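In what comes next, subunit A is part of two complexes: it sits with subunit B in the first one and with subunit C in the second one.
Moving on, here comes the complex of A and B:
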């Protein structure tokens, strides 16, 4: 049965077709709209005169002010998710008994059984100044007055971490799980302590999981304005809302498209800068621990502590 | 997204090398796909276009289904169930959150949306007629129109009621917590003043450009549909620099949770929503509804039939059915807004419904209500609204 073989890329055709129809085409349309203009009060867009004017309009102080706010919530939320999710994922993948891992994974997924908006509004009820949490804390005497958390950035961060934490834990769990015991044992045999094994072996090998987790949390977070609006009120003003208001309320698809394109570019730029920063920060570390196979090149500066070997 | 991986040379058999290299390119594809998907959260919409004319109902047999696209929780379930029991068509409900959402969906579907009945707000109806989104009503099939109060028929946006009939109407005012704001508030100027003083940081405004700018225009005796740039600039200056720092939330439905949970002490709100919120509050006496002077809004939502409606006969039968006085009263009881039927005020009082001063208004009050317009200042109002939001969130 070897007479007919599908070309290898055939496996990728469904994904490419999907991306082409549901990603490339709509984005191309948005880019096209963004060069047009709004023809009158009852029209949404027209493209007979093309210009960059919509981009100039979109580059307003409002956009940057809102974007800064969004970026703050995006970065802080992602950082907290990483700090909270990393130990949990490590524990689930390494320390917890293998027979329980399925159950633990299922527990991480439990919040997804309820609708996103319902979960968020649930927090609104809990955090209300006259809600049960506030009443309980006041009766115990932990806080003097009504709980003043709803409609602050603190509430937004709480909601964001709650909603996105599973998206951080799952890729981290898979990454830690794939590192496997033998490498950790080998590291221990070669004299590394627990902390060094984690920093030098487990964490570098789990790097794809960390990157996936950070992107999975950060990027949807930048586009999510539901959590922020429900829990942050006026303090949860997000840039996604700005784009939505141009499309829906102002019915100015040209300006909305220009904002959307700008947003895509700025998020890509942010991710690139973030990646660059991480690369620069870890550069000295990586230089010091270069693994050189075979004869060392004469010019290469090999670290004196050559017994340390990293993957 | 390019990762700085060290170059790895792999010695492998010819067959294994193929698999390894395709595995590596598969990974590259996946990481590219993840990056592409990541930035692609903002998807596009389809281009607009005019729709064809719809089949008109002639009074023939009712179809077996009826699809209604309306605002969330905007019809009494009992009335819908009774319609199906008595006349047959099964009702499918779907809801939208803004007129713009309704319009974009109908525009994109070009008459194939599958919706029969839609419920747009009056000021959007000329735009919808012009773009061929609505089909003309056959008023012969809606004899119960006679129960409507003529005051709510023949409005400016559809003088002959050729496309639309009043479903419910309401107004914009505000609610405050009497335990925190102890003085009496009666006007929009009082609202703006309290917002900067007692209620600072604990007040909300409606999440709507017209109502946000409206609060300023009404307080200062300016037509809220103004297109005068000086007046709009003055509104922007006040809202962005003076009011915004005091705003805690942009909330269109404070009656849903903010009033029952006591989240804020001053809230701009619609009358029916305020009424439901106060009725649900554990301590209703705390809250005071204000119908503010000197001017305020009137809005009216309307029954209309979408162009290309698949079940026009059932749609006409339904509109006729809800206009029957007893059904109209059931609707009012459920949603808390005046349905425009003649004599419904007496009927509601006879039925002992609570807090009717938030549903019915005196002719003098109605005289101070102004309709909005979707005009060339719409973009400017959205800008002001966005700037206010940015300033409030800073």
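Moving on, here comes the complex of A and C:
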């Protein structure tokens, strides 16, 4: 060990170098492009005059609507994933027989690891106006004409909820599983009901899982390109498609780059604002909790973390 | 026997419904692969025509073969770089590791579409303006694109595994006069092995799945399978696409089963396996 000394990070140098060349450099180039402009019909980008004009152009009413649309789908999709996924994760971690947990997890992971594009196409087949779901709903009499959901914003919302739901369930499951039975039982022994135990004990302790799930769903969802392309048509446009079309069809790399940078900024800003809002809203609740619980609460939330390190 | 409360029943019903929801499109795709109709959406009858068509049409075979080649090479590369980086982060932590984790985080939160539009001009720059003709090769471009996220995933997994294991074994090995490289090969690497294998198989699956980056960086002639499907969206989806997807699903399930087996053998619980799979 002491005969020759390598720097501590020597083993990480290949990965560093690779990511610098194929991630940092190209992304930096896109940022650079975004300050340029499109010269004439045949050029894709030029940088001899630098300005913020492309950003203004990207936020002009034509494109701004796509940004708000994407943000709407992102927030609504994440919220629905949380509402749908939380009970499932709780059931898997707490109510389902422990011997079945491995199987249930595998079942959640199968769609997660099935080709993203293909399962989205599966929805296209299901939602098709001439498809069997449409026929079935019509024969029962729930809808009058053929199903009119495909190529709308509703279809995109359904698609993103479907595609990102496993990313919500898995971290929530891990978090609920880590809370463990003893604390819940103690709470019930001390006279708290089911709902009270869930709201005051289980949910606060599972908070890291909730945060992880929301981030894991929201961030990739905002940059989604495939779901909107397959299910959205012209009505359910998202920023990912806008960026792609600037590079592929419009050949305006400067504008496309500005949109890409804006997309990243919108994602970061929304996460920051969302985090701040949650922090402010739960502030009185947490202050009250601290008074009631005193010492045990920090101790209880530290314990699972040390387990995590040991695991 | 205790009566089950209504809330338990409601939870169970809800969960079963969500599982059905999760499997609905997959079941539809599997059923569609036995569709003898001309288009995916209209049912013509039951038959194996779609599977036969795969054998007959070289375009589909070539696309799948490109995907498998790319997946294998990208997974090998990501595993090599990610394992070394993961070991470095776990065993030689320091200020640099924080910067490195920051970079990995950045790689994993950047939307794929941004990577895609950034890599396209960059690879053109390297391949044509800088004259590095290797970057004009279709497989090389795909491997570069697919490796980014996988490197981050492998690094996380390997680091998480080694941080959990005490460094005493390595110290003992050094005390017994093993050279650093011997310690690395005989102690550190075997300890990290389950995570390395899991990382490899995950990277392979991620690469098979990659559509967005692949669609941008591909050169005609080496079109990977998902990009072929994406282009088929415009010209009409035929049942062959469902048939290949069914085969790919079976392959993915086998790969995932192997990962779970490897991790279980290494003594991980179901929860830990879930954490490894999601890279957290």
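The rule we apply is simple: the second predicted complex is superposed on the first by the 254 of 311 C-alpha atoms of A that agree within 3 Å, B and C clash if a C-alpha of one lies under 4 Å from a C-alpha of the other, contacts with A are read in each partner's own complex, and residues count from 1 in each chain.
Everything below uses one rule, namely that a residue touches a chain if its C-beta (ideal position, glycine included) is under 8 Å from a C-beta of that chain, and two chains touch if they have at least 3 such contacts.
Here the structure is a predicted model, which is why all the values come from computation and not from measurement.
In the superposed model, A:287 makes contact with neither subunit B nor subunit C. By the touch criterion stated above, A:273 is placed in contact with neither subunit B nor subunit C. In the superposed model, A:91 lies in contact with subunit C only, and not with subunit B. In the superposition on chain A, A:186 makes contact with neither subunit B nor subunit C.
Applying the stated contact rule after C-alpha superposition, one finds that A:83 touches neither subunit B nor subunit C. In the superposition on chain A, contact of A:69 is made with subunit B only, not with subunit C. Residue contacts after overlaying the shared chain place A:223 against subunit B and subunit C alike. Number of subunit A residues touched is higher for C, counting subunit B against subunit C.
Contacts of A:119 after superposition: subunit C is touched, whereas subunit B is not reached.
Residue contacts after overlaying the shared chain place A:50 against neither subunit B nor subunit C.
In the superposition on chain A, the residues of subunit A contacting both subunit B and subunit C are 8, 12, 15, 19, 22-23, 26-27, 29-30, 33, 44, 121, 124-125, 128, 130-131, 212, 219-220, 222-223, 229, 240, 243, 247-248, 253, 257, 260, 263-264, 267.
On the subunit A side of its complex with subunit C, the touching residues are 1, 3, 8-12, 14-16, 18-19, 22-27, 29-30, 33, 44, 84-85, 87-88, 90-92, 95-96, 101-102, 105-126, 128, 130-132, 162, 165-167, 170-171, 173-174, 177-178, 194, 212, 216, 219-220, 222-226, 229-230, 240, 243-244, 247-248, 253, 256-257, 260, 263-264, 267, 309-311. Subunit B contributes residues 1, 3-4, 6, 22, 26, 29, 33-45, 47-48, 98, 100-101, 103-104, 107, 127, 130-131, 204, 208-209, 244, 247-251, 257, 261-263, 374-376, 378-379, 382-383, 385-387, 389-394 to its touches with subunit A in the complex. Across the complex, subunit B is touched by residues 8, 12, 15, 19, 22-23, 26-27, 29-30, 33, 38, 41-45, 62, 65-66, 69, 121, 124-125, 128-131, 150-151, 211-212, 215, 219-220, 222-223, 229, 232-237, 240-243, 245-253, 257, 260, 263-264, 267-268, 271-272, 275, 279, 290-291 of subunit A.
Against subunit A, the residues of subunit C that register as touching in their complex are 5, 7-8, 11-12, 14-15, 18-19, 21-26, 28-29, 32, 40-43, 80-82, 84-85, 87-89, 92-94, 96-97, 100, 103-104, 106-107, 109-122, 125, 144, 147-148, 151, 155, 163-164, 174, 179-180, 183, 205, 208-209, 211-212, 216, 226, 229-230, 233, 237, 241-242, 245, 248-249, 252-253, 256, 260, 270-275, 277-278, 280.
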